[in-house]
Amino acid sequence: MTLDLSVYSELLLALLPELVLTGWSLVLLTFVAWRHKTERDLRIAGWLTLAGLASTAVAVYWLWWNQTGIEGLAIMVAADDFRWVADWVFLGAAALTVLISFFYLARERLLVPEYYVLLLFATLGAMIMAAGTDLMVVFLGLELLSVAVYVLAGLDRRRARSAEAALKYFLLGAFASGFLLYGIALVYGATATTNFTLIGTQVGISGPSPMLLIGLALLIVGFGFKVAAVPFHMWAPDVYDGAPTPVTAFMATTVKAAAFAALFRLLITAFSSVAAWHDIVWWLAVVTMVGGNLFALGQRSFKRMLAYSSVAHAGYLLVAVTAGGSEGTGAFLVYAVAYTLMSLGAFAVLSAKGRSGESDVLIDDFAGLGSKRPWLAFAMSVCMLSLLGFPGTAGFIGKWYILIAATNADQNVLATILVLTSVVSAGYYLPVIMAMYMKPEPIEAAHVDVVFDRWARLAVTTVVVALLLFGVWPNRLFQLARTAGASIQPTNTTTT
Amino acid sequence: MLLSPALAISAVLFTLGVAGVLLRRNAIVIFMCIELMLNAVNLTFVALAQRLGMGGQIFVFFVMAVAAAEAGVGLAIILAVFRHKQSVSLQNMNLLRD
Amino acid sequence: MILTFFWIFGVIAMLGGLLCITRRNPVASALWLVVTLFALAAMFVLLDAQFIAALQVLVYAGAIMVLFLFVIMLLNLGRPGPSDLKGPAGLAIAAVLGGLLLFQLRVLGQAPPPDAIQLPAGTVAEMQVRQGMVGAVANPLFEAYLIPFEIASLLLLAAIVGAVVLAKRKL
Amino acid sequence: MTDTAVDLIWLAPALALLGFVLNGTLAFARPNAKTIVSGIGAGVLLASFVVAIVVFRAFAGLHPEEAIVFRYWSWIPVGTLQVDFALQVDQLSLIMLLVVTGVGSLIHLFSIGYMKKDPGYARYFAYLNLFVFFMLVLVLGASFPVMFVGWEGVGLCSYLLIGFWFTEKTNADAGRKAFIMNRIGDFGFMVAMFMIFRDTGSLDFETVFVHAPTALVPAGGAVTAITLFLFLGCTGKSAQIPLYTWLPDAMAGPTPVSALIHAATMVTAGVYLVARCNVLFAMAPVSSAMVAGVGALTALFAASIALKQWDIKRVLAYSTISQLGYMFLGVGTGAMAAGIFHLTTHAFFKALLFLGSGSVIYAMHHVYHATHSHEDAQDMRNMGGLARYMPWTTALMWVATLAIAGVPPLSGFFSKDEILAAAFARGTANPVWFLFWLFGLAAALLTAFYMTRLMLYTFHGPNRTGEKEREHLHEAPWIMTGPLVVLGALSLAGGVINLPELVSGNAWLHHWLEPVTRAGAALLPETHLSHTAEWVLVAVAVVIAALGIVGAWRLLKPEALATARQAPEERGFARILRNKWYVDEIYDALIVRPLVWLSTEVLWKRVDQRAIDSAAVNGAARGARALGWANRWLQTGQVGVYVAIFVVGVLLIIWRAVG
Amino acid sequence: MTYQRLVITALLVWPILASLIVMLVPSRIARQVALTASLIEFAISVPLWWAFVPSNGMQFMVSRNWITAWGVRYMVGLDGISLFLVLLTTFLMPLSVLGSWSYITKHEKAFYALLLVLTTGMIGVFVALDLFLFYVMWEVMLIPMYFIIGVWGGENRLYAAIKFFIYTFFGSLLMLVAIIVLYLHTGRVTGVYSFSYTHLLTQISTLGPAAWWLFAAFFLAFAIKVPLFPFHTWLPDAHVEAPTAGSVILAGILLKMGTYGFLRFALPFFPDVALNQVMQFAIVGLALIGIIYGGLVAMVQPDFKKLIAYSSVAHLGFVVLGIWALTLQSVQGALLVMINHGISTGALFFLAGMIYERRHSRLIAAYGGIARVVPFFAAILTLVSLSSIALPGTNGFVGEFLVLLGSFQTYPVITALATTGVIVAAAYLLTALQRVIYNPLTDPENEKLPDLSARELAVLIPLLVCIIWLGVYPKPFLRRMEPAARQLIEQVRPGATQGQPPFTTAEAPEAAGTRGGRQ
């Protein structure tokens, strides 16, 4: 199915998933305005959210199934496999977040059904970012996502930490938006357009000017902030720490993946002929991997450790960005799937363990979990090993793919740094396993309050099964990633 | 004709915004400095729009929308923080740290 | 002539910005920012963006800054805080980093966009004459930029919901 | 297959192995079944001896000019390296076979009495049988590796038997020392094997010796290196300078063990090896001179130490070292037959001396046991005048003493004389041998002296055991004295096997060994001594021996001797001799301590723990963690810091972008 | 033929299945089930001994698509090199289970299940013919071992476990990059992207200078595993802290994965680098240092298990020396030393564990004079020690002799120096032996030590049988490994085995005493 975006009906079709999700969020908003008192309301809102996510996924799948493409220039939005796969990642992450939110909101007495509305808006923003082929769309998608997540981070405003997290995230986020925006302005100034393809064409013709390069640099800064790349990462540990754990999980996965998705599309379609960004991203990747891993090593708080670990993983993904091309994009998608799963799994288990924001859960607090809650400990172990990139888990496959992409792009040094920093990461992932299995619980009742409802259990089970399944049998995932990766192409500058 | 001065002024304003963020501790004032940065960008857009077409002006329109949205959310957050700390000074935002 | 005016407003804007970031009193800062915004609005007019200039005055200076001032007053911050400004070290850092940034951005003033993509001078002004001041902005907004426009609406909705969530009395 | 009794050769080691297995089992199952154990232990040896005689007769009947090799199974077959588990019967190995099984049988019998009361009786016989097995493998092995099996195996048994009474630390130490020093020698043996294989492509004796003259350059570096490394092996096993220090300590083992392993058989393996490789040594004159020189020096050096030892067994131990030196002088000179001859006669009289001293020690132990005294049962200063109580032992010991001192016509006279004559003769071709000969002569003087000293202090003069103890002194039982008598007879008449032509003998051993030594001898320079010269040499030797005996008799005063407890410290040179030239101390200070210090302080604590582990490995981990912790200085929660770093990042990125 | 087709897969799958079974049965019968399972595993592997045809090269091959996008295949097979390592693994596993019988007192199910998973990992490493599969297996075995050390280990177990893990992980990840580079290089040249061992071998000559880096990465991974000085410091800690079965497997099999890697990958992939003069001497020099250094440091260890650990460094030094010497004798010797070390050091660790169970001390100084109290223990310890110091007649000798003899042809001086290792070996092991079982019995606690039980004897006797068997009649082993060793050497240094007659034509009389030599 090929769509002509200048025709309204076909434009609507191209935006079907976003429209479905918008519709659902409005329905949900209406419901919330009407019923927002009890836990039951909250649960219903959650189910509505899940339904919304599911129907959106169906819409995505429908477009995908019909091999939707765009005729001519992709104005504002694209319709390609990359978008569909990315959408699924966001939707899946959001759905898993919802599953672990049920018991969490109830336990923390966060009877705010608007939470789900904001979650849907954030997901919508992420989808818009992945779809956007115009800096304007991407910017607005980013802001939609950000505004929703600012609020989500500060949702538990009874806790000072949550509010503080929201403030830090907001201030720094807005600050970074300023840079992103300036970058957009400069790119616009250098190319007279904000459309990716047209930028690519224009850059191909006129070559890089200082204005364009500064604009590009500032764009990378803006995205670097969102993905928490060093040195723009410093908000991440604090904000992850302070935000409610399911929100943290969402931030670490969807927000990051969305920013990466947009970055990929932008760099490949618009800036493939500009060599400068390779160098920038190369350094960014190195610093992020090294920094994230080293900083995580110094952590005793589990949640902060995961925060730094997510910084490190952003570094790995930046390697995929550096590698570029369809291999890099494919690697990104596979890794994004794996990372989303394992990161969500880890945060989910943490949310079961913790109380009031889980900021006080130290790695050693998991001591003895292995004998008291073997399945939970097992799930956590699988997540940790996957984060470590251990064979048999999806994390390994993802890392392998990134390495292949990097090596294929002759980035052997980068690949080597990646694996060396992975070794460092063993220094903080393993202690978690060590604590769970090799240390006795400090007191008999150390783990009695670890609660999990069946939906969270379902989420974690899904995560674990998927991690192991993709770890052993990744063929299907690869197919998706490869076709999706091939679907964004550098702009052909010779024809125009 | 006006483009170069506009870009220069906008760069100065942007830098002033950044410097303000670096210089201040009051969350609200920092937010205002960020608004200053956005306005500097707006100036760039408008100046460019004069030469490159309406796209720049449209963008300024959206920037204003974004600024409004951020202002709403941001000030709400600042209020929420103030409730806890009776202060909006970032110096006191030290619960979350390594 | 235009250029002179432009520079006058530019200097005002820059001075306003400088004072905004250096005044101890938040209210003073806010008011200096308003000065800058007005100066910018004036520059927008000079840059053939009268509609945007109007919006600037209405939305920015009018609505957003009032909101700021409102919050400052609400929180009773209308006098210089003891620690609003950082000490000499902070000033030095800000000056150095700002200076460096400006130094790096200096090329922007010297390197205009390539001529190939520039419209002939006066095209925008002429279009505004043809379509009307509002129409020149509104037409593309509802055609080419429809999607961003709708997204902006969602953004505002999300912001409203968020502000409500954060501000409502009880959770 | 020869279809004669020679084919039974495998029985000899197999019987000994069987004895080991049975006694080993009994040691665990029935440690107190002493009758069965002694029956098996001595029985298998006697049976082996019978086999040896049968094989010897059958072999002699065949008059073969070459060795008969029995290949049993392919042991290490890799490419060109084809090591079969094969035994080789030839003139040389048969002589060794007879000596080992013959003397071995006697010592086994002696042990039945000597070890009667020991709780480790079965274990003792198991070890002894195992020793004989390995010794037979050593002498019968048809290739270097098979010989090496025996070579190390006897070292193992020596280790086990020296440390037999392992609850005494000194005994266990002595065993370990013996093994490690032997290993140093084995290192030489192994390197020699590698070189032999490299140069000749084989390790079978036959092939090597046939190929050696063509594959190796005579007097070349390769053959010299090979033989020197082989000789290093010999110095370990046969206790020559510089690796001799283990042997005196080895006296910590039961005395029959000293007799069998550390006098009669194992320590002569080195001599056997040189004789076996006579072709190689003949091709390497430098090595031969080295062998002879080290032998001569050792003979003199060890004899000098023996002069001032008080422990009866230690005197004998140094005597053994000294006599082994003679043997090496012989084989180094190229007089293979003379060396083997001395090996044989030495086996007789030294076994006799050890067993005799064993009788004495047995008696002394008995005495001290009866009176609950804690005196040293082996110190000669505690003995004296034992002739009255132990007439048989005394008489037989005198026979052995005269034999070792080289008094004609006892066995030792002929063998020693032959070696010295050969050295002198070689001296006519190469004057350095005159020096060796002089050394040998001096050693002979000292030998006569210290042996007479031993006899004098032990058996003559006043008795110093003490009043109470004296009444318990008596002769050992017959099972112990019996073997002494047989050995006495052999010491007395052992010379007949190789009576020189000078005294109209037929030099039987010399001719018998000819098929083995011929190849080597052909490569040596022709030397000849006139009859007159030979007679003069004989006369010199006799005079020297007489001088030593008489000198000792006249100079030493057993009457003036104080018991071990009261004896004053020696002074001056005597003290140096008493302390064995301080060689142990020197080794300890120069090698052992530095090595242990190096290992502990440098390698382990500094290199391993500090440099590699602490600094590099943990240092890297700690460094990484420290960097992580250092992040705390930035991650202060202060947004201002974050923004500043953010802006720095922006600056850097713009800088990289614009260039 | 069914056996040929299924055996390796069965060997890989059965332990996993069995570990699930172990997890499901009640705790008290876990060890019985595990023993049965490991015996079944052994039974599956035993017919390999006969089914293996030495001259057929790689056999029992299975090849199935796995990850099609990258051309990853499930490709496994055995040749004369891996055969014995697989058999050693399956042979040691039941013994390890039996040896852990009373040592492991908590979480038995998990322990035995992990042991079984470990089996799969180890066998997988030895049979993998696809580098992806190899890498996966190489890593997979880390986790069970990590748990075995970390959960059931001694006092300092956490440190040891994480050190073991990170050390190995460090090396293997660099290898991972090298594997990928090799894969892409081969793919670019041939157009066929595959991780297949044989496929990757085809383009090694076109690697150019990159070969150096790739070799370095492979080398590091394997050198850490071996462990070669100076990458060895994880070993003493891991060995000392691991429970008996852990130490046994660690020493017996895991270390062999490193030397196996050298043989299978590092050398054939990068012959030019490996045989570069400087590189060659650097590596052989490290092996030499390992031999001497390991021995000397072992000599002064107060802890018995640490002593054995350092002795492993020395032994594996011989293996590396033998491998790099690349003569038929030395390579076969190295293979034998690998087997021997598994048996002897395995037995030593079993013995150390048994005495530890009685007395709860690993310090040599805690013992002394116990030969009289525990004669069986003393006798077996003596025999095993002798095997470890390569006394002729035991397995240790044949291997070391071949290594040294063969290496001498290539590196005379270094080999001669390495031969001094036999002296050092005697020094450290006999000293320890003396201080444990000889000397005066001073500590009254040692007076009542019970001697070895029937179960413990059942663990040790199979090992003793192997010690003697391999020492006296190693031919069946040599015969089976010869063609593979020859092929490997030819691959790395063509023509190196010329003049070495192949096994089948070698004059090798079989039956004892039936054939004499010429007269």
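Read from first to last, the chains carry the letters A, B, C, D and E; within each, the first residue is number 1.
Keep in mind that, in the parts below, a residue touches a chain if its C-beta (ideal position, glycine included) is under 8 Å from a C-beta of that chain, and two chains touch if they have at least 3 such contacts.
Predicted model only: the values in this text are computed from it and were never measured.
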Which chains make contact with chain B and with chain D at once? A, C
Smallest count of steps, each to a touching chain, taking chain C to chain E: 2
Relative to the centroid of every protein C-alpha atom displayed, which chain's own C-alpha centroid is closest? E
Chain located farthest away, centre of chain D as origin (C-alpha): C
Most widely separated chain from chain E, with each centre as the mean of CA atoms: C
Chain centre separation (chain A, chain B; CA means) in Å: 26
Could you grab the centroid distance between chain B and chain E? Build each centroid from C-alpha atoms only and quote it in angstrom. 65
Between chain A and chain D, centroid-to-centroid distance (C-alpha), Å: 79
Determine the centre-to-centre distance between chain D and chain E, using the mean Cα coordinates as centres, and give it in whole Å. 37
Residues of chain C touching at least two other chains: 86, 90, 93, 97, 101, 104-105, 107-108, 113, 117-118, 145, 148, 152, 155, 158-159, 162-163, 166
Which chain E residues reach two or more other chains? 166
Specify, in ascending order, the residues of chain D that touch 2 or more different other chains. 621, 631-632, 635, 637, 639-640, 643-644, 647-648, 650, 654, 658
All chain pairs that touch each other: A-B, A-C, A-D, A-E, B-C, B-D, C-D, D-E
Sites on chain B touched by chain C in the complex: 1-20, 22-26, 28-29, 31-33, 35-36, 39, 42-43, 46-55, 57-58, 60-62, 64-73, 75-80, 82, 88-89, 91
Could you list, by residue number, the parts of chain D that touch chain B in their complex? 631-632, 635-640, 643-644, 647
Within their complex, chain B touches chain D through residues 18, 21-22, 25, 30, 90-91, 93-98
The chain D residues in contact with chain E across the complex are 1-2, 7, 10, 27-28, 62, 64, 66, 68-82, 84-86, 142, 145, 148-149, 151-153, 156, 159, 163, 166-169, 172-173, 175-176, 179-180, 183-184, 186-187, 190-191, 193-195, 197-198, 595-596, 598-600, 603-604, 607-608, 612-613, 616-617, 621
Touching residues (chain side chain C, partner chain D) in the complex: 86, 90, 93, 97, 100-101, 104, 107
